[in-house]
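These are the structures in question, set out in turn.
Look at the two complexes coming up: chain A is in both, with chain B in one and chain C in the other.
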Partner chain A sequence: MKKTWIIAGLGLLMTLMLQATEPDGKKTSTMPEYGKWETFTTKNGLPANKIYCVRADGDRVWIGTSHGLVLYENDEFRTFTVEDGLAHPGVLSLDVSELTGDVWIGTLGGMNRYSGGQFTTFTQFNSGLANDVIYSVVCDGKDVWCATGGGAGHYNTYTEEWAIYTERNAPMHEPWTYSVCAGDNKVFIAAWGGGVIEYQNETGSFRDYIDPDGEMEIDLFPDDGVVHDITTAVSHANGILWVATYFGLSRYDGTHWKGYFDHDSGLSSNFINFVKANGDVAFFCTDEGLTSFNSEEWITYKTTETGGERVYWKDGNSSTKTDATGIAHNFTIGVDFQGDHIWVATSYGLSRGTRIN
Partner chain B sequence: MRNLKNLHLAAILAIAALMLLLPVQDASAQSKDKDDNYGNTPSEMLPYGNYQDAYIYHFHEPQLFTGAGREKKEPTGLTEVRIGVLAPLSGNVMAPQGNQMLQGAMLAAEEANALGGYKGLPFKIMPHNDVGLWGAAANEVVKMSDEGAWAILGTIDDVNSHVAIRVALKLEIPVVNCGDPDPTFTETNIPWVIRVIGDDRQSSYALVDYIHRQKEHKRVAVLRANNRYGRVGVMEFRDAALRIGYPLVLEIRHNDGETSFTSQLERVRNSNPDAVLLWGNALEMGLIVNQMKEMGMDYPIYASDRSVNPLFIEIAGENANGIITTCQYNPKGDSPKLKAFQENYKKQFGIEPDVFAAHAYDGMNMIIQSIHMVGMNKALIRDKLTDLKTFQGYEGITGEIFLDPAWNDIGRIWMAEIKDGDYIFSPAIWKYE
Partner chain C sequence: MIRIKSILIFGSIALVIAVGLIIGHRAARAHVKYMTAVDDHPITCWNCHVYTQKDNFIAKMMNETYVSPYNLTISQDGNTLYVVGQESNEVVLVDPASERVIDKIAVGERPHTIILSKDEQTAYVSNQWADNIYLIDLGNKQVFDTLTGGSGPAGMVLSQEEDYLWCVNSYSSDISVFDLDTHKERRRLKAGNNPVSAALAPDGSELYVSSRRSIPVPHMTSPITEMTVAGTKYQRVTDRKMWKDAYIMENVRVTPSGDLAISTLIRPKNLIPAVQIERGWMMTHGIGIIERKENGRMIQLILDEPNAYYADPFGLVISPDGKRAYVSHSGVNMITAIDLDEIRKLLEESTDEQLAIYANHLGISSRYVIGRIPTGANPKGMVLSPDGSKLYVAERLNDRIAIINTQTLVTEKTIGLEGPKRRTVARHGRQVLTNAKGTFQNQYACYTCHPDVHEDGLVYNMAGTDMGRNLANVQTLRDIGDIPPYKWNGKNQTIYKQDGMRFSTILTRSEAFSHKELDALVAYIITGNKNPPNLRFNPNGELTAAQERGKEVFYRDFDNFGNEIPVENRCYTCHPPPYFTNLEMTDVGTLADSDDPMKFDVPQLNNIYESAPYLHDGKAPTLEEIWTMFNDDDEHGVANDMMKDQLNDLVEYLKSIGDAKNYMDEAMVYEASVSKKNRSKK
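Let's look at the complex of A and B:
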């Protein structure tokens, strides 16, 4: 009998110890954590405080602002404007071709390629672009894809041929697209009102993923598909597709969908502007901070009046650590990674964090 | 026996301890007050409402805007306060309505200017045509932002209005919609957009009640426009009717610009309906009514809100008698403000104002009042328009405006019956609640 009690007691102790340590995240997790935040604004040489996007490029960083494209190199900011050849001052999206090193720039007035120090401009008037507002651009080998208000665009840089995909030739409800990403020899398009469209490079065929309940005002079941048809961003890494909406988050492993919301997970807000996966960890730019998730545990980075904080969440348990520094603003819009650094585009300033674990 | 008891106790303790480890996330569905359904939806018409509670019900709380911008100081050195108007102004079947919308907005701005404008600066309407290259509305919103518009009014076609608000979200510029009845327009959760005209959800509920409950029709056939206005509008009617037990017996389409509807009407006849619902533009609906009469089809006819249009009466003539439709306001109301607007509008533009002119007038006045309250700051203008206090119950010329948490106008819908070339308006009454 005594032995039984000892075993039960030990079990209880271990259980409680385990629970006590897990929310901390350090002892059992490989989740990256960031701190030592630095903030860059117009005071540091940026042309505007509204930062739409950020893209690391080796030792350099490209930054899209409401008033120009910025190159951060050797601790200095250099701004490119319309006078330099930029299609429009508002730079919404960026990507860098791994094949050529060319920078592809999605603006509010067309798309640019920055190559060899020169800008080339693509618009509805001189190319096969569906629309001049380029919400998202991604390079996938020789191909460049973009999401516009008039459909998804595909540009073959070898043949210089364009293709436009809309509701007329792809399984979209509407032609409006908002985000595009590539992975596993596929391209994924966040179609506003149409869920996610998957394009298979090998076959040139499409399939769509929509919210099965077919209703805008509810989500009937959280794990039956995309949580909402109004999708805002997609990112694919390590076989996982992450889908952001203004109504929550979806994760798709190729077989199962899983929905996450701010009331049942560590997601800081259902309003997600952008998502980017870095290996197994996905980062969500929300209107209430930057949230990261490795499919088990969550960390949200926020700015506070005294600095910043990290909010940990796992299995319903949460804890908070305060930091001397925080992200520039809680309305986050873009994110990218550069070695041990993370860059965050926000509504008021650009942030750089350093990995601390 | 005692050992067994102790074992039992130990097991319970261990299980209790293990339970501490189990996920305790709040995975339960969000609670929702059944009496507070989104969009005035009757409980019996809630999606899946007869079978299953949803995991989440959206639009019960307004989506806040937490971004920067409120700190920006009002600019100096401006000579005018610019406000964009996005509308179909030429090259489109809806251009007459788009121009009415523009004129309604212009009249509101002119009246505000006669009272001194904003701190002596005149309000300047910046009109932009949303018809053009593919996705033109997106490019036009960018142009409006580039030229310094503090807010945007518009537009009618939901294809363009959806495109416009996505750009408006990026540019963070407030949008007041006064002409697009697409329910999904405000179901995008964009915290920069309000709508001051009743949508097709409200119109559909009114029509479903009238057709199925009051007139007790059981077999309704729908002939609708093959465009987004027809598709999305009928979607709400179809779903609501189905949920109370009346599936459509037919839903068939026609294209804009089509002039002969014989094949569609033969199919309507073959579906053996006891009423027909038309959902499209005034021109095609008028032609359809005439062809139905020619073909001896005497079914009761109901029509979507775009039949409240002089063009519809002009085309259908006497054949329009008895047709019932909905309207987002009562143009024959006895409000002095409405009378004054109608008089001034006709004096200035030489025509009677339509539904788009009237709602544009209200929408523009709300923008102007917001600017008077908070100055030239887009985020603060947005805050005023969306706070669900300042303009809640706003008494415009189109009646009282009530915004739900999605900033959709859920104010009164009116029924309109055509008699001898005129519309007789009465408030819609939903009997089933």
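Let's look at the complex of A and C:
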């Protein structure tokens, strides 16, 4: 019996080694692939089919819809509404504090903290919140950052001090901000018309990254900076900042910018609603499907009339695989990861995919 | 001739003296009448002019620093009591067998709680007014480390493995979790409003944290107070139990078997007219019970009886066998002994509907109250001997520990803590303030609505007989001696009037305090009530960048458009330092339809951060809402020109304002500045 286990273990090890290396000894890509898509809609218990955001939280998944916040736990959906304490039915953004486990919820009518089964509401009237339209919320240690229609800002949960950053005190074009993310002791803000604003936690200072060519219609000089000043989302992981716009994608490694477009890469569309990096792989929610990219190869997940498809793109070569299942809708808005699962928020339903490689 | 001359001279002098005495007496009588609003208060000059002195030589002569035992714990062998001296800033070690104080350890400002490690090598003392926790080596009685976390550290527990210390922060309303390997704060969890006590379940899995103030509730609704439940495995808040119609949950404990979590509480009926207190049942006092099982219920049971109330429950201990609980009632100098098995039986046989009725049932306590034990003044924390045979009670305002035999329910003896021998007038006043005997059937003490001599965050229907009219947000009693008038409508020119005839007429519906009690009460209120240091928002007197910007907004003369702000609409006009009140009556446009026409006494802003809700009727739950919701026409200062970040800065500055003594220099600068402006205008 013991021998059998040893042989099985060695076999598994060999398999893994073979999978992880090519004949020339180079490491293969770690690009995850997802399939076996499941779709959840109102028929499954969701309060609405328009899903704005999704956030995995251990065994649970939080889902923001146009008609309430949903908790998916133990294969059941539980909806929270305004009657339960939600600031507004339209839940645009979600994050979970690693420090406290509290869920922070950005809505169209204020921000909530969900903790211990209770909602606390912060609005522009009862607190220092800049504006009640919360496009993005992210927890960074004891700070909760949000991007709102009236500026970005953060709430220090220890001192309860609110800070607001607008064009009055930060290098922004206007107060409208769409997204915020944290990484490397910095915070990055996607500012409408203002590119990306970087905030240094240590010094409290700002710098901005704008499109150097200043062109709104085209990216005149490739890779000279963020591809467009109208930015929609940012995500930071492993030292890489990903910047989404409605006009293409940017990758910034701290030194170099690189632009990507639907005509010269595997990006399914230049119209990017959301970006989320998971380690070395970034996922882009576009109006034409969900695209993933590990800085070498691209995979786009789409729904089709017969199910779904995976579109592969690498070095200009493209191929497609069809699947029996696909994402709920090609207009994708949010994405998050839960072990071997990927959750995708779309304009018509919530999708869950399972890793297949 | 000489004799006649002498008679005339001495006669004239005597006449002058007599006339002087008569006039002086009449003037003194008029003065005393003005100050007390009654005709019969004795003309005793020293009561007002000596006992009420503060911060000077006379004050030092008149007053004493007492021990004021607050909380206590006991060694596992039962041979040593560790008593927190809240006022003397020390831990007093007491040998209950020999009835002697055996040692004293100096600790930080206003210590709150002491707990011991299992090996009894280390004591942890939370210093509520110093924002830190002392770690004391009980071998050499020395402080060997200090932990810093949130503001106002109070109740504490050690995790079962003693690898984490959980500390409740009463001012910042959160819970610090300290890693005892690194001695660093690992995380901070949001708790209820003004949390004070923590208890660990016997299996160590859950922590219960009781809080005193209500969470923000819609205006003109009854309070809801949170008990926070944290899971210790992941150090997360797992539940927030909401106690409806209750507040001031001072202490929480879990039974040894873990079946019940119990906390003291008060059930105020603050929205009914206070003058109806003589009908009874306005303030009731009891315990909240959580059944620790799936779908466990939350039950409130009162400890009062028909015609007898037991105000201000504070301490709570449970016997080692889990069959009894003891509650100290600091407002009536009494301990209640409770039969927990009887309560268990009651819970088992009662439906939810019946239990809801029992929450207001004055007769139900006869089922489970098995004894009442009188104590000395203001009983607070308690601890049982390891075998449960003795109950030790901290008699805060007698500087004693009472020892009660739990079999006979009789106080066997008391142990003095070597505090001052004499009772000062202010100390007497403190005893009056904390005692409910002056209220109809002992329903409440001054302290009930003014816990820690502050305010309880509730809105009361005080002055009328009609429901919902003239609601009044309770105001602090701290450091108010120099800022008359009193009451929101400014009708009381002195504290004597506020606490004398008015108190008995409106609030207690019983006999007024005796003159001696009133003198003492006023002396205490004027001299004995400091603001806690504002360590949370202004720890060292240096303002943050946001607070500095907010200060500029506070002292501004021009709005964002360059228009000069009318003098009466500038913040500092009505709120000048050091108390940030001009002592005037004013209209800020907040009068409600339910109010009689009136102006309002400008409130002070010292430590305003801990006085939510705001405005005279408490309709603004946060400082922001004063201007975002209730200042449409800029009557409460010009603010509608401000950007949101400016309002945030102003709020940050307001929260930074601390005790008046910190603003004496600023007041002089302010006055000089105002004089200069006035001169230049002329």
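The rule is simple: the second predicted complex is superposed on the first by the 329 of 357 C-alpha atoms of A that agree within 3 Å, B and C clash if a C-alpha of one lies under 4 Å from a C-alpha of the other, contacts with A are read in each partner's own complex, and residues count from 1 in each chain.
Convention: a contact is a pair of C-beta atoms (placed from the backbone, for glycine too) under 8 Å apart; a residue touches a chain by one contact, two chains touch by 3 or more.
It should be emphasised that the depicted structure is a prediction, and the values quoted were computed from it without experimental measurement.
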Clash or fit (per the criteria above) of chain B with chain C on chain A: fit
A:D219 touches, of chain B and chain C: first, second, both or neither? first
Touching partner for A:T157 - first (chain B), second (chain C), both, neither: second
Partner chain in contact with A:Y178 - chain B first, chain C second, else both or neither: first
Contacts of A:S127 with chain B and chain C, given as first, second, both or neither: second
Residues of chain A touched, compared between chain B and chain C (which is higher): B
Which of chain B and chain C A:G316 touches, first, second, both or neither: first
First, second, both or neither for A:Y52, with chain B first and chain C second: first
After superposition on chain A, the shortest CA separation from chain B to chain C (Å): 7
Where chain A meets both chain C and chain B, residue numbers: 124, 130-131, 150-151
Contact set on chain B toward chain A in their complex: 2-3, 6-7, 10-11, 13-14, 17-18, 20-27, 30, 38-39, 47-48, 52, 54-59, 63-69, 133-135, 137-139, 142, 159, 162-163, 166-167, 170-171, 183-184, 187-190, 228
Chain B-facing residues of chain A, complex: 1, 4-5, 7-9, 11-12, 15-16, 18-19, 49-50, 52, 88, 90, 92, 108-109, 124, 130-133, 135, 148-151, 174-176, 178, 192-193, 213, 215-222, 228, 230, 246-248, 259, 261, 263-265, 271, 287-288, 315-317, 329-331, 347-348
Partner chain A, residues of chain C touching it in the complex: 150, 172, 174, 187-190, 226, 228-229, 234, 236-240, 242, 536-537, 544, 546, 621-622, 624-625, 628-629, 643-645, 647-648, 651-652
For the chain A and chain C complex, residues of the former touching the latter: 99-102, 113, 115-118, 124-128, 130-131, 142, 150-151, 157-164, 166, 168-169
